[in-house]
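Below: one structure, written as structure tokens.
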Amino acid sequence: MSNANADSLVASHDPNHPANLICELCRLFYNNGWVTGTGGGISIRKGDHIFIAPSGVQKERMLPDNMFVMDLETKEYLRVPKSLKPSACTPLFLAAYTNRNAGACIHTHSQNAVLISLLYDKVFTIANIEQIKALPKLTEPGYLGFFDTLTIPIIENTAHEEDLKDSLEQAINDYPATTAVLVRRHGIYVWGETVWKAKVYNEAIDYLLELAVKLRQLGVPPDGAIGSERNTRVV
Amino acid sequence: MSNANADSLVASHDPNHPANLICELCRLFYNNGWVTGTGGGISIRKGDHIFIAPSGVQKERMLPDNMFVMDLETKEYLRVPKSLKPSACTPLFLAAYTNRNAGACIHTHSQNAVLISLLYDKVFTIANIEQIKALPKLTEPGYLGFFDTLTIPIIENTAHEEDLKDSLEQAINDYPATTAVLVRRHGIYVWGETVWKAKVYNEAIDYLLELAVKLRQLGVPPDGAIGSERNTRVV
Amino acid sequence: MSNANADSLVASHDPNHPANLICELCRLFYNNGWVTGTGGGISIRKGDHIFIAPSGVQKERMLPDNMFVMDLETKEYLRVPKSLKPSACTPLFLAAYTNRNAGACIHTHSQNAVLISLLYDKVFTIANIEQIKALPKLTEPGYLGFFDTLTIPIIENTAHEEDLKDSLEQAINDYPATTAVLVRRHGIYVWGETVWKAKVYNEAIDYLLELAVKLRQLGVPPDGAIGSERNTRVV
Amino acid sequence: MSNANADSLVASHDPNHPANLICELCRLFYNNGWVTGTGGGISIRKGDHIFIAPSGVQKERMLPDNMFVMDLETKEYLRVPKSLKPSACTPLFLAAYTNRNAGACIHTHSQNAVLISLLYDKVFTIANIEQIKALPKLTEPGYLGFFDTLTIPIIENTAHEEDLKDSLEQAINDYPATTAVLVRRHGIYVWGETVWKAKVYNEAIDYLLELAVKLRQLGVPPDGAIGSERNTRVV
């Protein structure tokens, strides 16, 4: 593909074009403290084209012209922006696309995710909080109910981000009902059927992680506090 | 009513039109972390027309065109936006309109509300904090005084939001002086005579919930701290 | 003065005109959580004219047209905006104008101020923190040094805000070096020679109050932590 | 140099011109709470010209016209804005320019920096957190790895900011791998090869300082929490 054609892949006046959306969402994530210091990453799929933010750049200052584009089938880059490096998250994004048919994948360094990974061992679970209902069941249609338990696996970090691929895929296989994987001392990967679903899942999960951290600070067990005998039921 | 007429119910250049205000206020609430992950809801009444934000959408990205409109008398929808679901909060908003003649009702997933519901049992009370004076007495004209106690009932959550209706109405009846009800492990419902009063009450209450959480973190009893012998009086 | 003339007192294209500045600063204070739920207040003096924000309104939504204007000499209102009530803070603002020749006075319901008032008894003191250097000595020219102690008196709250006047004036007299007074379970009053100095003092004080709250949460004594034998000196 | 020529040093339509960038970045830092109450400072080098924000002004309200310009070789001011004082940080910025060939130097009063300086003694260290990878090795090419330890020296504060120069230079010499120095009870100095690197380093360090404070609040040792036997390795 000629360079001019490659550039056309990321040039659009449509604010919902992946190259534009990635920039807009990263500004939002930056303001939430999730991708400061060049941390984190994001990828959106459009048909067989995968748009990926570059590595090591200020996520809140990216332009559509900075985006990599990869063909999902061939795994070849259709567009490589000048002077930029591909994201080390790319194999992990591909794991979500391939194993879960995701439409987008978000990776943040959210402090809530890092803290939870230091407070919980192999999985993070939370139950009986209304916000859980924003998350999908996945193994069957529909969303989690209030009395359901949300379970997110925690994998160990590796020296190189791309080396997370095997354990991430293992977690995806071991936990077919999860739409996210926590990486200890690192952050979180969240994906969804569309970019908006991935964004909503990431928001809802971060809300729950933050709440669980605060409950720990207050000495309140997430599943056994006041009103629990009347208000919680594990089904 | 023809579809064209129904659309005219939500089309206005007036920023204070309910369909416009709902969008503006939800962006504000989103920035406060009260309605992230599609959580929360809001409804404004204009005469006999009730404007209601739809279910399961990103609250900060709504457009006036997304609003449901219901007739308060007949409980029939005057307008149903395409492809959107009515809010599960609708019966709860109606409870505030019917039992309290409210002009607006706000529902958030504020973490302060959820935390307080896990720290207090059947009611949240706070006294002798200046911010209390932003809240109305309701059972008589005027506002609470500094030495008054603010009391907000806490009801248990249910699997389906609409099933909160009975206990919410019960709380409204049992606590005629309250302008809000906390829902354990869920959030808060706040209403007011006008949308601006509902907004101010919600802000003032969230300030007090946040303060009570911080006092708990610091080990300071809300009603018995330094200066209390000189500064607190229960009347 | 005719009504037309009175309106001209608050109509200006100059962003630094007191009626405009009050609106701008209150939006900033609102975003800091200092004046939510209609809380707080502000007044700016221009010559003998005192501009005062009204009582009980949303501070972030005020317009220049909402401002009261009072003559400092005669204490008579030169302008009374329609349907609005004068701020109950007015006698307290006057105390700062009269006793300290202030150019502006800011009142907030900052949670840091309320928390500190429940952690300290009659005065809040903090020493050996660089931010202290933003505050004036007042009893002599210049600013506090790093090794100086900042002392802010705490007065008891009253049922009616205007009744704080006597104890506020007493504190102003008893603490000639202070540019602020904390009100227990209520908030803080901060004044300065100009509106910008008042704004800077308020910001620097709130920073120090917040820091002192965090130190308490961490169990670190403000004046006796790591490095203190090398780094603190009371002069 | 004539005054007209001096003014031309800070007048540019290029948003990346140092005089413009200083203003933009300080607004960002202000919103992060790092330079409130006139605290903090920043300097950017362009060739042999050093641009420095003035002392004692509101950092979020500066204009390009407020900037000092100094010649790095001669240490003479090429431009002195009217009625403004040079920053007391100037000798410290020069220490970074001279000893490290920095392209920019940022100084903040970040509360995370002050808190960490009261929780750690002579150095702050943190290891095995992904965000560390945003920081350079300096003593060899490339960036820190996940299993590396970030070490930032802490120096004692002095009565006058310019008197920090000797201990700052000592720390720079003693810790050739550091790109920042913490000042106890004061804040932090961070520099980098370019202004963007300095900004990214400052963000990444503040993220790590904030995380370390939160771990302390939660009672979690930064280097010995859940998963540590599997996930941490000191190399």
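Labels A, B, C and D are assigned to the chains in the order they are written; within every chain, residues are numbered from 1.
Here, a residue touches a chain if its C-beta (ideal position, glycine included) is under 8 Å from a C-beta of that chain, and two chains touch if they have at least 3 such contacts.
Model, not experiment: these values are computed from the prediction.
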**Report entry** Homomeric contact chain A-chain D: same or different residue positions, threshold half
**Finding:** different
Query raised in the report: Between copies chain B and chain C, what's the superposition rotation on C-alpha atoms, in steps of 5 degrees?
Result: 90
Query raised in the report: Taking each chain's centre as its mean C-alpha position, how far apart are chain A and chain B in Å?
Result: 31
Report summary line: Cα centre of chain A to Cα centre of chain C, whole Å, reads 44
Query - Junction residues of chain C, two or more chains touched - result: 217
Query raised in the report: Okay, what are all the chain pairs that touch?
Result: A-B, A-D, B-C, C-D
Report task. Sort out for me which residues of chain A touch chain B in the complex. Result -> 128-131, 134, 145-147, 196, 199-201, 203-204, 206-207, 210-211, 214-215, 217-218, 220, 225-227, 230-232
Query raised in the report: How about chain D: which of its residues touch chain C in the complex?
Result: 33, 36-39, 58, 109, 111, 114-115, 117-121, 154, 156-159, 183-187, 213, 216-217
